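Once you scroll down, you'll see the structures, which are given as structure tokens.
Next come two complexes, and both contain subunit A; in the first it sits with subunit B, in the second with subunit C.
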Partner chain A sequence: MGYQLSREQFDRFLDRLKEDYRVFGPALDEDKGALSDSDRITYKEVSRLGELVLDRKSYFSPKEIFYPLRETLFRFCDGEITVPAIDEKKTAILLRPCDINGIDRLDTIFLENGPSEDFYYKRRRDKVRFFMIECTTGFDSCFCVSMNGGRTDRWDVAFRFGEQILAEVKSEELEPYFAGCAQQPFEPQFVTENSKKVRLPEVADITADVFKHELWSEYTARCIACGRCNTSCITCSCFTMQDAAFGAEGKMGERRRTWAGCHINGFTDMAGGHRFREPKGDRMRFKTMHKINDYYRRFGKHQCVGCGRCEDVCPQYISFARCINTLSDVTRERKSK
Partner chain B sequence: MSIDTRKVIKNAYRVTRVRGKTALRIRVPGGHIETRFFSLIDEIASKYGDGTAHITTRQGLELPGIDFENIPEINKMIRPLIESLGLAVEVTDTGYPAAGTRNICACIGNRVCTFANDDTTTLAREIERMVYPNNLHFKIAVTGCPNDCIKAYMNDFGIICTVEPVYDQSRCISCGACVENCAKAVTGALAMKDFSVERNREICIGCGECVRKCPTGAMTRSHTKSYRMVIMGRTGRKNPRMAETFLKWADRESILAIVRNAYTFVERHIDRGLDKEHVGYIVDRTGYPTFREEVLQDVRLDEKTLVAEHIDWSGYRYTNDAGLR
Partner chain C sequence: MKNPFLPHKMEILDVIPETEIDSTFVLALDKPVKPGQFLELSLPGVGEAPISVSDFDEGRLFVTIRKVGRLTDAIFTLGPGDFLFARGPYGNGFDYQDFWGSDLKVIAGGTGLAPVKKVIKNFIDSDKVSSLQVLLGFKTPEDILYREEVRAWVDSGVATLTVDKAGSDWGGNTGLITGYLKGLDLSRLDKCKFIVVGPPVMIKFVTLELLLLKVPEDNIWVSLERKMSCGLGKCGHCKIDETYVCLEGPVFRFQRARRLLD
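Right, the complex of A and B next:
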């Protein structure tokens, strides 16, 4: 069912919703940019329409809401093990189509890429409902259309924000929260063209010799391994484990998992002090191959959804879109030879 | 030719080595000037000077080769430049009202520089409006971060913009970027313990580099800004020396109040027999404790502010030259 809400009605809708859901959306984090006197748009719990920032892209993606940066998996104490409880409330996330598609890529990794589903991911993810923010123009760095990431029907409610707010509700469980709102059918539109376009290389054309191509050396010179491209990406799913013991006898402690990223130093550290992909270009190659090659070969869809955040946040002005285009040119050239 | 040189100097003109010629010193607080003034400066230099401008060590502009007799005419022309300072006093056609307190210098700060913890231009202009016009000889500089590109350490009052990092453990992925950088390039104030970052506040200098390095927003800026104040650095013919730390983690209001109080301190203790005695030499005479007591009077320092117990300025005494072999 579709509805039309005034801005005041939307706030009252949020009030009702918040009784059963934690509601997250892109909002202003004042003074919290890395540079002084700068803000950051991040995903925060919101309770008013006015808190939402809809004209800028969020710096970090919404994945942290259900996939925490640092999560205690279990605690142990004198042989007893406990798994920390999580908030029982359901989670409503206001997000764009690219992020919904990005979360699909995470789901695939955590729920379909192995013999069993990831318990910790699943218990939070099951609570999530998608409140799609209609996105028809995107931003300068977006290339979701090229990645087929800008369109989805996996939303529970779709919103068009304006002077009046239009809402199309697909999920039954959310209908009651719109009680009393005027009915108005609405079909969300999607972005059909980005100013940034990416030419994907044919997956079949990416052969092992591309790994050694000189195109990667540029990134050895430019990338500083800051890791922002990983931490801001909606589809990066890698994590590492930490065991921390407390108390003198070490009989108390916890196991945690924390985000990790292929550009970050230490990502490849192994027992015995081995590490590989030291040159940053190798890391860029690894990321690129995962985003637009290996993942596709395994799951039949690209991991990257073209949200463009990795480009927005890179202090070295490294553009992932340009990297893909270069790779594309290289593979096509090789093929024609 | 009859010239009252004292009057001329106070009016921001100089006695130069060319007899009959003077040079105008234009104040540019914070070293930041609106380019609309360039045509005016060009007009003055071309019409009355020698067609050149010198960028001074204190970020002002000096126009040489001016005939003394043209001062009144030039003073009328520079009125918009003086008005742009936004001073508390009424601006007239008689030129700069004082020259003793030097142009307030500042590095480019956060209008451009990514290291900067504050907008140094705005702070420099604020200080300019607070202390100028004044004939007392003060050198004040503002620098955006402890890199100290403006060399605040060579000033009577050097203000170093800092920030206290705030750590959110729940966002930390233990990547170590902040720890490594602080150890390599700063003071080594951070340590990783059980995969979490601990900060030794005593040796953290508030440069903000850990915030810039953090890829997850686990290290962020505190909402309030803080400042380190270093004092009594100087060049000169007796005892050149670097300034020393007076305050750490001070708040903006307090540092401004302290600079104001320092003027009162100088008024009270200055040796009128000497030609423009410098604040640093006055503090040498009174001792640091007297200075501290007087400038901190009625200042409500933020509770986190640290104040130096003793200051031992050393520097080089040129009389030590006697020991050179």
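Right, the complex of A and C next:
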């Protein structure tokens, strides 16, 4: 069912919703920008329409809402192991189509890859409802159209924000919260063209010699292994186990997992000091292949959804879109030879 | 819902010192395991790490651990009656029937012997293989693992042992393991199957030599070492190309392993 809400009605809708859901959306993080006196947009718990920032892209993706940067897996105390409980409330996230598609890529790793579902991911993810923000233009660094990431039907409610707010509700569980709002059918539109376009190399054209191509050496010179591309990415899913002990005898403590990234030093370290992919260019190659080649070969879809955050956040101004295009040129050139 | 991240307790039955920095921990075995698989061993509050299963029998599981870091330092303070925590076993491991009827050659460098020790023991007096030859390389005589068993293998003529470097009191072979590949009996090359385990550089050069000796890629198995943080195909640390070493490995046929570029 479709509805039309005034801005005041939307705030009252949020009030009702917040009795049963925690509501997250892109909001202002004042003075948290990379430069002094600059702001940053991140995902925060919101209660008013006025808190939402819809004209700028968020710096971080919404993934940390249900896949926390650091998550306690269990606590131990005197030999007893306990798994911490989580908030029973459901989670509503206001997010764009690319992020919904990105979360599908996370679901694939955590719920489908390997012998079992990821307990910790699943119990939070099951509570998530998608409140899609209609996105028809994207931002400067977006290339979702090229990645087929800008369009989805996996939303529970779709919103068009303007002077009036239009809402199309697909999930029955959410209908009651719109009681009293005027009915107004609405079909969300999607972005059909970005100013930034990428040309994907054919999956089968990536051969072993491309791995050794000199194009990667540029990134050895430029990348500083800060890992911002990994942490801002909606699809990066890697983590590392970490233990912490408290108390003098270490009888109390916890095991956690924390986000890890293939660009960050230490990602491949093994006992005894052996490590792989020391040059930063090798890490860029590894990430690129995962995003637009080997993930596809394993799961039948590209991992990258073209949100463009990795190039928004890179302190070295490395453009992932340009990297893909260069790779595409290189493979096409080799094929024609 | 099943929570595969929760470890279970395993009692330490015995600790067997192997070298100055390696010991074999004998644990009470409580579930089926295959040679070549690994456990995620841990001490809550200290850490968790993937460790190869080196041997097992009725009720006992053996893991050889090198004291090289925070977790293993802490494990080395434990003894019989204490507990380790474990998840797994994970990984595919070796399938014995892959080698039935072959002239089996096992080539192991250093701690690479651990994941194939059970394979060697299984086939050493078995008529399931036509013959067994073992080539073992260690850095120095002090680094030799499973001394008594290795000596018995050498004495019975099954194994050739070499060390990279040794003092004058060492009466045995010296030099890199690749130098001893010529000593393998390859007269029935089509019947020969090879297992190569060891540090990455050793695997690289041994397999190169084997290919030069016209060994088909199909007949070589390797076991890869990576830093598996979860063992469940989620954490991403062991992914190479589209392959997860913890799921599809760590044991690979060489024709697949050679395509895995880090």
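The definition used in the following text is that the second predicted complex is superposed on the first by the 337 of 337 C-alpha atoms of A that agree within 3 Å, B and C clash if a C-alpha of one lies under 4 Å from a C-alpha of the other, contacts with A are read in each partner's own complex, and residues count from 1 in each chain.
Just so we're on the same page, contacts are C-beta pairs under 8 Å (C-beta built on N, C-alpha and C of every residue); 3 or more make two chains touch, one makes a residue touch a chain.
Treat the numbers as computed from the prediction; the structure is a model and nothing was measured.
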Where does A:42 make contact in the superposed view: on subunit B (first), on subunit C (second), on both, or on neither? first
Name the chain, either subunit B or subunit C, that contacts more residues of subunit A. C
Check the residue A:260 against both partner chains and state whether it touches subunit B (first), subunit C (second), both, or neither. both
Touching A:297 in the superposition: subunit B (first), subunit C (second), both, neither? second
For A:4 in the superposed arrangement: first (subunit B), second (subunit C), both or neither? neither
Using the touch definition from the top, say if A:228 reaches subunit B (first), subunit C (second), both or neither. first
After lining up the shared chain so the two structures overlap, which partner does A:123 touch, if you call subunit B first and subunit C second: first, second, both or neither? second
In the overlay, answer first, second, both or neither for which of subunit B and subunit C A:272 touches. second
Please indicate which partner A:217 is in contact with in the superposed arrangement: first for subunit B, second for subunit C, both, or neither. neither
Thinking of the overlay built on chain A, is A:70 touched by subunit B (first), by subunit C (second), by both, or by neither? first
Residues of subunit A that sit at the subunit B interface in one complex and at the subunit C interface in the other, please. 242, 244, 260
Can you name the residues of subunit A that touch subunit B in the complex? 29-37, 40, 42, 59-60, 68-70, 226-228, 230-231, 242, 244, 246, 256, 258-261, 264-266
Partner subunit C, residues of subunit A touching it in the complex: 73-74, 76, 81, 83, 109-110, 113-123, 208, 211, 237-245, 250-255, 257, 260, 262, 267-272, 274, 276-277, 282, 286, 289-290, 294-295, 297-298
Subunit A touches which residues of subunit B in the complex? 110, 114, 116-119, 161, 163, 169-177, 194-195, 208, 211-218, 220-223, 225
Please give the residue numbers of subunit C that touch subunit A in the complex, ascending. 1-7, 42-49, 66, 68-69, 72, 199-200, 225-227, 229-230, 232-237, 239, 241-242, 244, 246-247, 259, 261-262
